Every structure is written in C-alpha cells, then in structure tokens.
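Once you scroll down, you'll see the structures, which are given as structure tokens.
In what follows, subunit A forms one complex with subunit B and a second complex with subunit C.
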Partner chain A sequence: MAVTIAKERWTSKVNELVLGTDPNVVKVGGDSTLPFLFFEGEMPNRPVVALEVLDLEPADWPDILKAPFEGVLADPVAWAKKNVEYGADLVCLRLISAHPDFKNASPEDCAKTAKAVADAVNVPLVVVGCGVEEKDAEIMPVVGEALAGKVALLGCATPNNYKTITAACMVNGHSIIASSPLDINLAKQLNILITEMGLAANRIAIDPLVGALGYGIEYAYSIMERARLGALTGDKMLAMPVICFVGQEAWKAKESKAPNDEAPEWGDQARRAVLWEVMTAVTFAQASGAIMVMRHPESAKQFKAHIDKMMEPVKY
Partner chain B sequence: MILIGERINGMFKDIREGILNKDPEPIKHWAKRQYEAGAHYLDVNTGPTVEAKDQPKVMEWLVNICNETVPLPCCVDSTNPEAIEAGCAANKHGKVMINSTHADQWKMDLYLPMAAKYNAAIIGLAMNESGVPKSAADRAALAMEIVVNADAHGIPMEDLYIDPLMLPANVAQEHGVEVLEAIRQIKALAPGVRTTLGLSNTSQRCTNRHLLNRTFLIMCMAVGLDSAIADVDDPMLIDAVAAANILLNKDIYCDSFLKTFRQR
Partner chain C sequence: MGLTGLEIFKQLPKTNCKDCGQPTCLAFAMALAGGKASLDQCPHVSDAAREALDSASAPPIALVKIGAGERAVELGNETVLFRHDKRFEHMTGIAVSVCDTMSADEIAAKVDQINKLVFDRVGQVHSVNLVAVGNCSGDAGKFAEAVKVAFGKTELPLVLMSEDPAAIEKALEITAAKKPLVCGANAANVEAMTNLAKKYDVPMVVRGADLNELAALAEKVAGMGFKQIVLDSGSREVNKVLADQTQIRRQALKRFRPFGYPTIAFADNQDPVQAVADAGVYIAKYAAIVVIGSADPADVLPLITLRLNIYTDPQKPIAVESKVYEIGNVTADSPVYVTTNFSLTYFCVAGDVEASRVPGYILPVDTDGISVMTGWAAGKFTPEKITEMLQTSGIADKVKHRKVIIPGGVAVLSGKLQELSGWEVLVGPRESAGIPSFLKQRWL
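Moving on, here comes the complex of A and B:
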C-alpha cells in the first residue's frame, strides 16, 4: 500500500512586503506554509539579511566585530557601502545619534544621514530610530520625507508613537516596523491600530523584540510560531512578515563579548561570537522570521549559506 | 464560528412584501445589515407564500440582490429542489450552501449530487420521515447516514454541516442536553465534519429569546459547534461568540477582539 504523506491544508497566507524600487526590489513574506515545508505550501521569498549601520561610531562593540569595518565605522555612507559589498540584502541604518544621552541629533541631521546612505547604496533601506519613543516620533516624519520614493522600512513603532510614524510611512510610501515586547496580543493590537489609520496591512513588519540564544530565544520562537499559525488560519492582523533584530541581541550576550582570556574554555571568540549570531538567526528563520538584522559579515554569510540549503526543493 | 444570518426569509413580513411587490429594498437592507453585524453567510428563503412554481425565479432574484449588495455567499434555503438549484446557480460569492437535506435516502440522493455539481457546502438535518429523534444517539446515527452518503459523493467533510436540530425550550425542554451530547458525538465519530444549528428554534414563542439563543449557542460552542443559523441582528450574540472564540483559543486575543471578529 502506498504511503500517503499527511499534509496540513492552510486557508490563508502571510502578506508580501515589498521594499525598495525597481530593479532593486526586495520582497519578503508571502508564505502559505510553515517555514520550509514546501510540500504543504509556497514560500516564494527567502529570509533576507539586513546588515546594520550606526550613525555614530559604536563605543562598546568588541574588536572582532569592529575589525571587518575598519576605517568606515565613523562614516555611515562608507559603512553602508561596505555592507553591500559583504552581500547584505538590505542596509539597516540605526539613528543612534538622535538619542538624548548621545548627540541628541536633530531630525534634520538624521534625515540628512538617511538620505546620504540611501543615495549611496542600491539595496533597500531599513531605518530605525534611537529607541526613545518620543524622539523617534520626532525624527521619523522628517526622515520619511527625506526618503520619499525610496520605499523604505521605518521603525520602530510602539503603542506610544505609532501615529506619527504611521503617518510618515503613509505620506511618503514607506512601510512600518511595529514593535511589541514578546507579546502576541499586543502585536496584534498594534497592527490593528496601524491599519485603522489607513496603512495597508501589507506594509507592516512585526518586530517581536526577540532575545538571543540563551536569552529567552524560546519565548520569541513560540510567539512567532503562534503568529504564523494564526496567519495561515485566517488571522489577517497577524499575517505580517517578522523582522528580527538579531545582531544587537547576539552581540549583547556574554558568550559573544567575553574575550579569549576571560573564557578560554569557550573557545576562540571570533568563531564563538559569529556562531552565536548565526544560531540565533537560523532559529528565527525556522520560527518564521523574514528579515534578520545582523552585524557581522561572516554571520550574514553563514546564515545565507544555511538558507541556500534550506531552500532546496524537497523530494516528497 | 460561521454565522449564517437568518433574516432574508419570506416568513418575515417585510421580506414577504418585498417579494410580492418586487421591491428589492427590504432584501438589500437586511443583506447589508447582517453583513455589517458580522454574518459569514446569508440564508435566503422565499417563504411559503410564494407558489412552488415561482420559487426558483424568486430564489434567483433574492440571491442576485444579495450578491449585488454584499460580498457574502448565500445559504439557499428551501424545501423545493428546483429553487435550491436556481439559488446555487445564481450565487456568485464564495462557496454556496444548500439548506438542507434530511437523512432520508431519497433526499440525500437528490441533494448530495447537487452539492457535488455546484461545489456547494450542504446542511444535513439529523432527522428523517419519522421526525426529529428524541435522543442524542439517534441524532448521531442519522448524522452518520448523511456523513457516509456525502463521502460517497466525494463531498469534502468540511463542506458538510450536520444540524442536530434544537426544539423550543418551552415545549421540548429535554432536547437541549441531547443536542449538546449529539454535537459531542458527531464531532467524535466524524472528525472534520462540521456542525451547525438553527438557533432561533431554541426560543420559539419563549420570552427573553435573545438570552436563550445566546446562552445555548455558547454552550454548544463549548462542545464543538462550528456554525449557526441565527439572528445576527443581536450585537450581544455576536459579542458573546467573539468572546467564546477567544476563550476556546480559536482566535488570538487582542484588545479589539469584538471588532476583529466582525471584520471576519
């Protein structure tokens, strides 16, 4: 008797989010299955990597992370170009200079940097603020305007600042990152609030505020999996691709930061730290992450090699 | 929970007059109103005042008006097979639903091929020429007759909706627990088959009709009811269903859960 492969039949799919302009468009999402289960549905777009650029020279990065960017760390435009050379699908510009504790840079200065970076590279741009909700609400309308027509992904919107960021995206043709702290109910609610303002559901990426391997990765995994199951069974307010800020979390872990002399039993830091970032990212790819924001070019390379294998067609 | 709005039925005075005067307004009004309330299907029934020979034409007219007014599929409700077929042919949105066959062989032989032909969902009433069974077990037995016959016609199990038939609480109070048990048994015996219920029957000629309907619907949902033909013009009924969907872990909670349920 022939064996019948048991297959799930899903009724819905994840929205497809389109970033950038022709001919350099990047599409994410569009899945009608759990990740990589090609025998149950379509996965039209592979997970992509955004390499991060800071608009302020990072003070606390370990040397092994600074090394690949030697000479460009104080120049966001050169850094962004370097990221593209390293094979980044997207560039993620983090406007850390706007933070009141750092330079408290003005919205206009931020916009100038964003525009310069956008003009210098041909890949689509992700732009996030400094993480202070009020300040991000001030800078994003100006940044959004400066990037009008670039079809960027702007963030991170929270329940406290989504209104101005949503408006900035609507007016200037961008998409939005909606952040919620490992809480599927808040994620759904924020998506509802954003769509109620009139931004289309296919212009939202969910940021579940993931943790790194060893730092609560399983919570993020469960939430992403539950959201995907919701999306596949018809929950339109959870049918958004997921963006994971992997680099900032993985490089915060002591397993990445501890130099060789501090933890010799953990092995060589260069290899260990990259492994930490890669393991975090591939885990989230399995959990349905669509955009991985990473830091080290070697991590990006290894992640992409993994995805190459995962995207190979299955034989059943 | 798939809600089938019951209001477009010639038994209601305004719909009857609309049919007799060829005035589409009352039909449009109730199509729109039930759509906005959160219905997934519109039940369409010409009512008994239309002569049998005119029923197919009237059914087609009603379905066309509904289709033009809202993007919902129709649940074509008649005892006249020709009217059912006319409704199936006219429906333009989604998957049309046939309301209904009984467990009598001659009826199943008539309606199941029709469901297959129009790729329709179909309601199977757990009764036969002897009437509505008294016990849960007898309801389940008749339900299984329908399940087997539907399967033989290649109808996917998720397109079959078994109605275990509720009777009014003021004349047949003992049926409530039997219906609950029947739903449980049908879901256990035939996984994948859906269940539905003509909810308003629960409260025919009773007082506090909305309360009785609402309460029984939630009780039925807890044992596995998938659908109901109901008076969706009761916001508290819809609210209760939305809440039950959350508590049964069918919908993911968010603060706007009452609103998202209505957005389907």
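Moving on, here comes the complex of A and C:
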C-alpha cells in the first residue's frame, strides 16, 4: 500500500547568520523545514557547538567539569585554545569579571581579554557580558570595537540595554544576541526594536533563556517550536536562529552537581552530568536550536556525533 | 470525533420510530453530535452504519493497553503534532530489554535493577514501565525460559520480542494473563502472529520493512478484526526513525487509518551514550514506547525526566505542596525565602539556594501552581497569602530571626507584607540565580 508522504508547504525560511571571517566562517540557520525533516525542505547548516570560556576561574563548577580544563581555568586564552582542540565550532567568552560582585572589571580590561582570545583562536567568537544589564551596556561597545572585523556574536541584549549593544554591533560588523524570557511576543518585540535601529534581521540570534532538562525545558521547547513555525510561515521577526545557553543551565541542575555519595540511586555522576548536558542540547536541536553553548568537551563531542547522524538526509 | 449532526443523520434508518426517546432521527442525530446521547440508544442502526460512525468518531490514534492491574500501560489517543497545540496524552512507555542469551541469574539481576529504576521528581514518582525480553538466541525454548524468569521477577508488563510464532506461543502460555505486548508481526508471519494475539487477547506490534509495507500490514491485521496494534516502521537509525515517526503521526492525524495506532521505537545504537540521545529524540517525537538496553540510572533518569517534561500539560502546570522545605542542614539562623508553588519556580529557587551553599528554608505559597510574576499579576501571590504562610506554616518556630526574602520581581509587595506580617522583608534578586551573590551582600 503506497503511502503518500505528508509534506508541509512552508512559505518562508530562517535567516542565515554568518559568523567569523574567511576561511573560518560558521553559518547557522537558513532552514526551510522543521529540524531534520529533509523530506520537505532544506537544512543547509548543522546546529553548532560553542564551548564556554570564563574570564575568571569558575568558583562553583563541579570537579568533573573542571578536570578537562586543568591548568587553563585561570587563563582565558589557553582555555579558548583548549576548547578548539576539543572540537568547538565556536568559542563563547563570558566576561563575568565585569560583574560588580566579582572584579567589577572595566570595559577596557574586558576588551583586552576578548581581543587576546580572538587573536588566539581561528574559530568565530561569541562574547557575552556578566548578565548585569547596565554593566553589559558599558562593556560591549568597547569589546565590540576591540573585535572590529572579527564578525563576532555579542550579547546579551535586553529591552534595557539593547541600544548600546546594537550600536556596537552595527559600527563594528558584529551580530547580536537578543534575550527574552520564554515569551514569543517579547522575543518579537526586541527583534523589532533592534531592527528598527538599523541592524539587519540576519544579524540577530534569539536567546529564549532556556531552562535545562528537568528545569523548564518544556517551556523553551514549545516556545522554540512555535517560533520556528512562525518563521516558516512568514513571520520575519521570528526568523532568527536560536542560541541556547545549555551548559550554564545543565550544570546548575542537581542531577549534574550531586556527587556519587550524595545520590547513589542516580548512577555515576560523570556519566549522568554529561548526559544531562547532552540531552538538553539534543532536545533543543529537535525544537530548532541552532547554537548550543556548552561546557563539557565530552558533551560537545557526543552532541556533535548525534548531529552527524541527524544531518544524514532522509528523503523517501 | 467532530462529526456533524447531518453526517450522523445520513447513517440512521430515518424512520422516526422514536424508540431512542427522541421525536425524530434528526433530533437523535443532533443529540448524538452534541454528546447528549449514545449510539446504543437506537436499536435499529445497521452494523455498517455503526462501524462507519464508530470509526469516524474514534480518536485519530487508537488507545492500546499493555499489562493488567496497577502497572498497566496505556498508549495512544494522541491528537496533536505539537505539545503547544493542546498536550500529549499518554507518556512514552520506557522499556528496558534483557536477552535470552543471558543466563537466568543475569536476567534476574538485570530485572532487579530495572525494578529499582524509580525516581522522585517534582514530588511525583516516575519509573520505567516495561521489561522487554528479546529472543536473541532464536531458540523458542530458551526464550520461554528467559520470559519465565523475567515474569517471575517483576510486576512490570513484558514486551515479548520474537518474530517466531512458536516462541511467542510458548511465552504467551506463561504470561498471557498479564497481557504482554507481542513484538511481533512482520510480512512473513503476520497471519500466525495475529491469530496468536487474538487467541490470547494481547496487544501486538506490526513491523513493516518501510512505511508502505507497514501500512499494508496494519491494514491486513485490522482486516482480520484485530486492532490492538502498535506500529514499527522498521527503521533503527535515529534520522530515519524521526522521519518515520513524523510521517506516522501526521498521517494518523489526517485520518489515514492504517497509521492510526501508537508506535514503538528501538534505541539500539551500539554507542551507549548515543543510544540515550536517540531515545530522547523518540520521546520528544511521538514514540509511544521506546525500548532501551541500559538499566543504568545515569542513562534512565534523563529519559524519565525528559518524558515528564514533554508530556506535561502546557495548560496545567505541575505544582509542589505548599509547606516548609529545608535545603541543607538548616539552623535557627538560616535564611527564609518565599516563592510560589509552581514546581518550576520552586525547583529554580531550591537549586539556587542549594548552589549558594548556605542552608535555607523555602516557603512556596499556594498560587495554584503558577509562577511568581504570573501569580502576582493574577492576584494569587499577595502580601496576605504570604503572611498567612509565615504565620501558619510553623516557620516562626524554626527560626529565631524574623527576616524573609522575597523575589525581586515582586518588590512592590514589601511594604504591605512587612506591615501585615511584622517580619522584616528583604527584597531578593529578580532571578533566583542571583541568590548566592545576594546572600554574600545582604545576609552573611
């Protein structure tokens, strides 16, 4: 009995976002289908992995997360290089030293670190601030200028600080991360505000502020599915690739942090923690996540192996 | 489902005999369409009409039941492609497999391990649902032995994995009373297998070499009068399974009858971590049962958690009980936090309090399970309710101080709360992730 394959006729597609410079550019987005459904559309670019670097030695990382970075945790440049060795498609530098609670580092110090990291690796860079909106608005213009020509992805822009970050991207040729908490309308609104300043829509990545597996993943999952459906049916303000900060969320979960003696009924911590990060990323890839910002090299490796398989087209 | 009165009317005898209690056949049809009457009330409908009306009003994906008693598993009855369209109805059944090439002791030990895969999450107990026994040896006698061991060791329903009708019959002789899933029929054995499933009245998997063969086989089995069917498209690689699962679900919702049944997927990737990743895809994308090989809790906990998340009703959030929670080794000086009883909110706060490494008390106020800002906007997270919780929960006896930390998002509550409760109100950060650094500045 012949089955007539059910194909949706989508009218639109996701923007293609280009990061980095030749010959090391990384492209994401461009999809004209739901994730991995090659029988009805194109998925020209695979979901990519950015491995994270902090510019301050992380205080609260569990040992199994620190172990692969032994000796480089206090040196962002060496750490970034290590990430590239581990197969990262991108490096995500997080400037937490700027946080008023930590070093309250100056914009110039942040820019220096960012420049040093950018010069040390050949993969494109994602640079995010410390999460304090006003402070990020201060550092990003200086960081953006120091990275001029590198075509980086800068964030995270919110309704309170998008103006300076957008300007920094426009002047220096970067793209922007637009963050909004698990709300499709807020995401749209921020994209509208940013494009109204003159930054092209294909230079925005949506950050829906995802939660990890077990910690709200279903909200992010459904918001992402809805955004993708919006993009495919012609909503230009939802047609941005989605960036998921998987690592920071997954490594906050009890399931990743609890050592074996605390939770023997949960199995070995090393395996469970890596799986927590992998499964969070795998799930978001199904919902249309394009850039996974991850922490553990083993998670990155496993996620990439999974994506290798998912990217083999099935066409019927 | 969704039949109009007129569509139903066409199938009725149109004699207006009133035996149904309605003045006319049309009135009866209207009552039926509105759910106010049942077809049985008309004694005169023809069998053909009954069949047509039944199948037109049936859900797009049939309900299939495996097992008996408390641990029975229900599959199917799904109605949507995306969880945000409504919700997914029946959680993916997770089956862990054993092989009949293992010794009886090995099987017993693994089944013991499977029985222990029970986890507490968001205040609920979640576990693996099925034990699958594989006829890896190809020998009917060995299979029966293995099935017997597993059957004696677990309350969970079994999946009998053999395509040899002789082996299945032996296994059914032992287990049929507990309604295992026969897995199953294929192009070569479909008649014999279906007859067995009918004889023992147990559900059965139908495997096609591809979607076309699957549709033909499902049609054939249904034609034999058997409808407790679970579909297997035959694909075993994750990219193919995703495509097939998507097709089957889409076609079912379009009421392509041969695909109107729940599905099964096998995460048998040789790489153990990739197998878990594959199983995750199957849980997110429509598999009603996923069979995995690992009984390692480190592999199973993420899958059980993902299943819970994906199958949560988007319109009905999960709540935690409203009571005093103690995080770490609390003392009479430990900080007190209030939040809401939306489980996601509570677990965010609990995780961040834990991350602060400072033991603390958390008081989730009953907001009918909605988040802080939603609860505030809806008038369910108010100074009055927080005061009531501070006074009646017993927290006042547990701590010496009278300081309470509230979420930064509801800073506006602080004046009124302080006045009503007499507690000093500290406005915390907007995001609970800020709790560790907030504590450093404001508590210690």
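Convention: the second predicted complex is superposed on the first by the 313 of 316 C-alpha atoms of A that agree within 3 Å, B and C clash if a C-alpha of one lies under 4 Å from a C-alpha of the other, contacts with A are read in each partner's own complex, and residues count from 1 in each chain.
We take it that a contact is a pair of C-beta atoms (placed from the backbone, for glycine too) under 8 Å apart; a residue touches a chain by one contact, two chains touch by 3 or more.
Quick caveat: nothing in here was measured; it's all calculated off a predicted structure.
Asker: Using the touch definition from the top, say if A:189 reaches subunit B (first), subunit C (second), both or neither.
Answerer: In the superposed model, A:189 contacts subunit B only, not subunit C.
Asker: Just to be sure I read the superposition right, which of the two partners does A:69 touch: subunit B = first, subunit C = second, or both, or neither?
Answerer: After superposing on A, A:69 lies clear of both subunit B and subunit C.
Asker: Taking the superposition as given, does A:238 touch the first partner, subunit B, the second, subunit C, both, or neither?
Answerer: First partner only, subunit B.
Asker: With the two structures laid over each other on chain A, which partner does A:271 touch: subunit B (first), subunit C (second), both, or neither?
Answerer: Only subunit C; A:271 stays clear of subunit B.
Asker: Is A:226 contacted by the first partner subunit B, the second partner subunit C, both or neither?
Answerer: both
Asker: Identify which of subunit B and subunit C touches the larger number of residues of subunit A.
Answerer: C
Asker: Just to be sure I read the superposition right, which of the two partners does A:215 touch: subunit B = first, subunit C = second, or both, or neither?
Answerer: second
Asker: For A:10, select first, second, both or neither according to whether it touches subunit B, subunit C, the two together, or no partner.
Answerer: The answer is neither, since A:10 touches no partner chain.
Asker: Please write out, lowest number first, the residues of subunit A touched by both subunit B and subunit C across the two complexes.
Answerer: In subunit A, residues 226 are touched by subunit B and also by subunit C.
Asker: Residue numbers of subunit C touching subunit A in their complex, please.
Answerer: By the definition above, subunit C touches subunit A via 82-84, 116, 119, 121, 211-212, 215-216, 219, 237-240, 242-243, 246-247, 250-251, 254, 256, 258-259, 271, 273-274, 276-278, 280-281, 284-285, 296-303, 305-306, 308-310, 312, 314, 344, 347-348, 351-352, 354-355, 433, 436-437, 440-441.
Asker: List the residues on subunit A that touch subunit B in their complex, please.
Answerer: 184-186, 188-189, 192, 226-227, 230, 235-238
Asker: Under the touch definition given earlier, write down the residues of subunit A that touch subunit C in their complex.
Answerer: Spelled out, the residues of subunit A in touch with subunit C are 1-3, 5-6, 36-39, 60, 99, 101, 211, 213-219, 221-222, 225-226, 229, 252-255, 257, 265-269, 271-272, 274-276, 278-279, 282-283, 286-287, 302-303, 305-306, 309-314, 316.
Asker: Spell out the residues on subunit B that touch subunit A in their complex, using ranges where they run on.
Answerer: 251-256, 259-260, 263
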